[in-house]
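The following pair of complexes shares a single chain, subunit A, combined with subunit B in the former and subunit C in the latter.
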Partner chain A sequence: MESMLHITTLHYLILGAALFLLGVIGVLTRRNVVIVLMSIELILNAVNLNLVAFSRMWGGLHGQVFAIFVITDAAAEAAVGLGILIAFFRNKETVNVDEVNLLKW
Partner chain B sequence: MFFLDHIWLIPLLPAFGAAIMFFFGRKLQKATVSAVCVGSIVLAFVMACGAVSQYSAWSSTPENFHKPYQTVLYTWLGTDTGRMNYSTRGGSPAAFRADAGFLLDPLSSIWLLFVTGVGMLIHIYSTGYMAHEGGYYRFFGYLNLFMFSMLTLILANNYVLMFVGWEGVGLCSYLLIGFYFHRKSASDAAAKAFIVNRIGDAGFLLGMFFIASYFGSLSFMDVTAAARSGHFAIGDPIITAATLLLFVGACGKSAQLPLYIWLPDAMEGPTPVSALIHAATMVTAGVYMVARSNALFVLAPKSMLVVAIVGALTAIFAASIGLVQNDIKRVLAYSTVSQLGYMFLALGVGAFAAGVFHVFTHAFFKALLFLGAGSVIHSMSGEQDMRNMGDLGHRIPTTHRTMFIATLAIAGIFPFAGFFSKDAILWETWSREGGAYRILWYVGYATALMTAFYMFRLMYLTFHGRPRMSHEVEHHIHESPISMTAPLVVLALCAIVAGWLGWPHSLGGSDRFTKFLEPVFAGEARVLQEEGRTSQLVAGVEEEHNTGTEWLLMGLSLAAAGVGWGMAWRSYRHADKGYTEPIAAVAPPVYDVLLHKYYVDEGYDYIFTGRRKLGDVRLGVLGLGAASAWVDTNVIDGAVNAAGWITRLAATISSWWDKWIIDGIGVNGPAILARMLSYPARLFEWGLVQWYALVMTAGLVGFVFYYVYH
Partner chain C sequence: MAPVATPFFFYLLSGIMLIGGILVITRKNPVHSALALIVTLLAQASIYLMLYAPFVAGVQIILYAGGIMVLFLFVIMLVSIDRSVRERQFNSQWVVGIIAATALGGLFVTVFIKGKEIFPEHALPMVENDNTQKIADLLYGAHTGQYMFAFEIASLLLLVAIIGAVVMAKKRI
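For the complex of A and B:
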């Protein structure tokens, strides 16, 4: 089947951008702190996708190695984030991000 | 020449007595005190007689003819270093010099004799009078100190040493008037005497300054010679000023208007003090000074006119007050003021010898009157008010007779002493050219009438009439001891005889008194002739023409004396309890004014001392004090208070500024501004985490766009 769409790097980039955008919108919009953290993971993974796509494009492994680092970093960050979330929940009895407004004037 | 060479001993003997009293007087017996003090004066009198007789011999030798005798002990003020040099008004060089020098000429001889003579008699009298008083040694010490000062005054050969004596007699007058210092009236009187004297002394000093600057010397001989040299014109303004100022000093010392007020109050002192100081000696110091300066006065006819007018006015003024006084010593005090007026009248019309003659006779009869009054007071156990006396004549006969002689003398009855001297004065006044002198003669004539009246009033009220005293006093009346009556007798003899020394030419006498004084006043004859005045000193021509007039005037003055005597005889001869004063019967308001001495003391209190207020205002010296206090309280303290108020005001303003402006605007202003600016600023702080994230993202996108499209 030759009229099949060639999957070029661009497609991966667009997918990555779309995932990034979704993640950003989730961070900015979602009420639940856990969902916000998940959205942050999404952003990080979108970045991973970008890195791997460019690694395939250029033929070296730099991108992939970088992606391994980012995954590690995302895992640590998720652990810390969840720790903050637990502390936050202990104080406020809620996971509504709108309740984090002690600096409100 | 012993007495002349040692003339300085004469003042020194009483000074010695005073010194002994000062150091040892308290421990001495009364007899010792009397011996030392009276003895010193007796010795001084003997020496004085010796000195005068030796002087007469000395000055009648051809080479010393009519010259004064001068001896200088040492230079008191003055130096050879030239540091006291100055130049006179006319530009000639002069050196200030005042020696401790003594001058004896006819003028000072007369004063010397009667001062020591009368002083001696009064000292003897005082031993009797003060025998039962406390402070005996103090009294005699002061008396001796007074004699020392008076003799220094008389014998000085320059104005400065005379001023030392002048001040000394003023001091002793203060000490002796205030002898009974427990009495407020006595100490007040003493202060009054000293202060009024001091006012006169200011004039004397100013006169001396003028003389020193004009003549370049203060020695009598130099000044007299310069004045007689013809170098100065008659009517010279500086000499007029100097002589007027000297006369102010004489007014203070010799109790003329307007400075006579101390003399009646001075009667607070013991009677011998009144006799010595305020009758015979101190008050004549002014006359002496004017007579000594006769060369200057002759060059200033205006001053002489002033002297004559003041003298005449004083004479009649004091005589009028003496008409109604009830205290025996007050009458005699006003009589003294009045007779001193006569003396100045004489000096003022140029009759210097007549004035000196009156001083001489007055010393005797006035001292006699005062000592007699003291004897009366002594016998009346201290009573001085004549309303409580009467009928003493046969109880104290010696006192009565001697006082009667003195009264005849002062009234001017022939041939007693006062007649000749007073008549000489009146005659000289009449024979001067000019209407003013006739008026002065009338004044003098009226005064003579009044004198006779009040003196005989005194005699009748005291010695005649019915007794008006209380019974206890009446029982104690006794004649005084011989220590008191003997001087009275001696003085009475003098009062009879002294006048005969000046027996006038018109009555066939030789007027030795005037002749004796010729060397002192002879220069005046020339000057007075230049002024076209007649003078008794120019012998010969005028006398024959005017003898008739002189007899007429003598008769008139005898008539005046007689009329005065008769009026007193009629009113007071039978004075009983509650007798009426004739003046009070005729014109009560006049009587009141005279009794209150024309309210002069009250007037002075209003104007000069300020002891009485005029409404709300106080004038005079105390008024100056009150004004100064007012200035201090209101003006000066007001300024201080104002400065404080201004400081408080400044502080208030400063604190307001600090609180509202500096703190309010400066410090709080930015804070308020910051707060106000924070309102819009804090709108950004919503506290929403996702909003922050959105803003971050937006910023990031912006940056990316910027880098991509730039």
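For the complex of A and C:
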């Protein structure tokens, strides 16, 4: 119980891994494309948490700068992903990943 | 400032984050998922404050919860048809997905049990009232700025993403 009361880096890493796992489950099992994109954002946030936790552990600020760049990348990728989603919705009038099967043999 | 009641706040915020994450991946209505993700992002900003990263916490609230999630809500309003709320919500490969996620979870548990002693204790409490200046030194400083090139590439990436998103979403190019 004493090791659970003193919050170390490992606690933050376990939290980051749990969030990553939730994001992976969301990407692999949901039908709605928008929720798949939101699970990808969960994954990126788990990575950010890892980065900032390691930055705290080593005392430097490089992890935090990396986390800022990851947030910038997530914004760009969310914009492009949602643009693709809108184009897809305009063609097929659905947001299911199961109906993206024109290339299926 | 000395930290106070750190375990209570850590467990409270991590509980909020995990419940929010579970709500994101299990709600039928995508608007509910987006709101749960906003709650998760705000709790994560508080955890960044616990990790002595106030600038990253501010960027997370302004950019992520206030920009990206609003964009998500706009697009959900654009493409949300009532039919999709009443259908099934797990896709046709969910068994393989759960198996793969369980394998990944087992890998994480193995890593954390075997490698528990390679993570040392935290460094001494960092000062946080010049955190923004130090990040600016790393990004733009004259002799210490080693991320200037990455910063310029990131701004180019945002320009490309803006043009790409507009072209993808237009009706007639």
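Methods note: the second predicted complex is superposed on the first by the 101 of 105 C-alpha atoms of A that agree within 3 Å, B and C clash if a C-alpha of one lies under 4 Å from a C-alpha of the other, contacts with A are read in each partner's own complex, and residues count from 1 in each chain.
In this section, a residue touches a chain if its C-beta (ideal position, glycine included) is under 8 Å from a C-beta of that chain, and two chains touch if they have at least 3 such contacts.
What you see is a predicted model; the values in this text were computed from it and never measured.
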Greater subunit A contact set [subunit C / subunit B]: C
First, second, both or neither for A:24, with subunit B first and subunit C second: both
Partner chain(s) touched by A:98 [first = subunit B, second = subunit C, both, neither]: both
Subunit B versus subunit C as contact partner of A:72, first or second or both or neither: second
Subunit A residues contacted in one complex by subunit B, in the other by subunit C: 24, 28-29, 97-98
Footprint of subunit C on subunit A - complex, ascending: 4-15, 17-26, 28-32, 34-35, 37-39, 41-42, 45, 48-49, 52-53, 55-59, 61-62, 64-65, 67-69, 71-80, 82-87, 89-90, 93-98
Complex interface listing, subunit C residues touching subunit A: 6-7, 10, 14, 17-18, 21-22, 24-25, 27, 30, 33-34, 37, 40-41, 44, 47-48, 51-53, 55-56, 59-60, 63-64, 67-68, 71-72, 75-76, 78-81, 84, 87-94, 96-98, 100-101, 104-105, 108, 112, 116, 119-124, 126, 131, 134-135, 138-139, 147, 150, 154, 157-158, 160-162, 164-169, 171
In the complex, subunit B residues that touch subunit A: 682-683, 685-690, 693-694, 697
Touching residues (chain side subunit A, partner subunit B) in the complex: 24, 27-29, 36, 97-98, 100-105
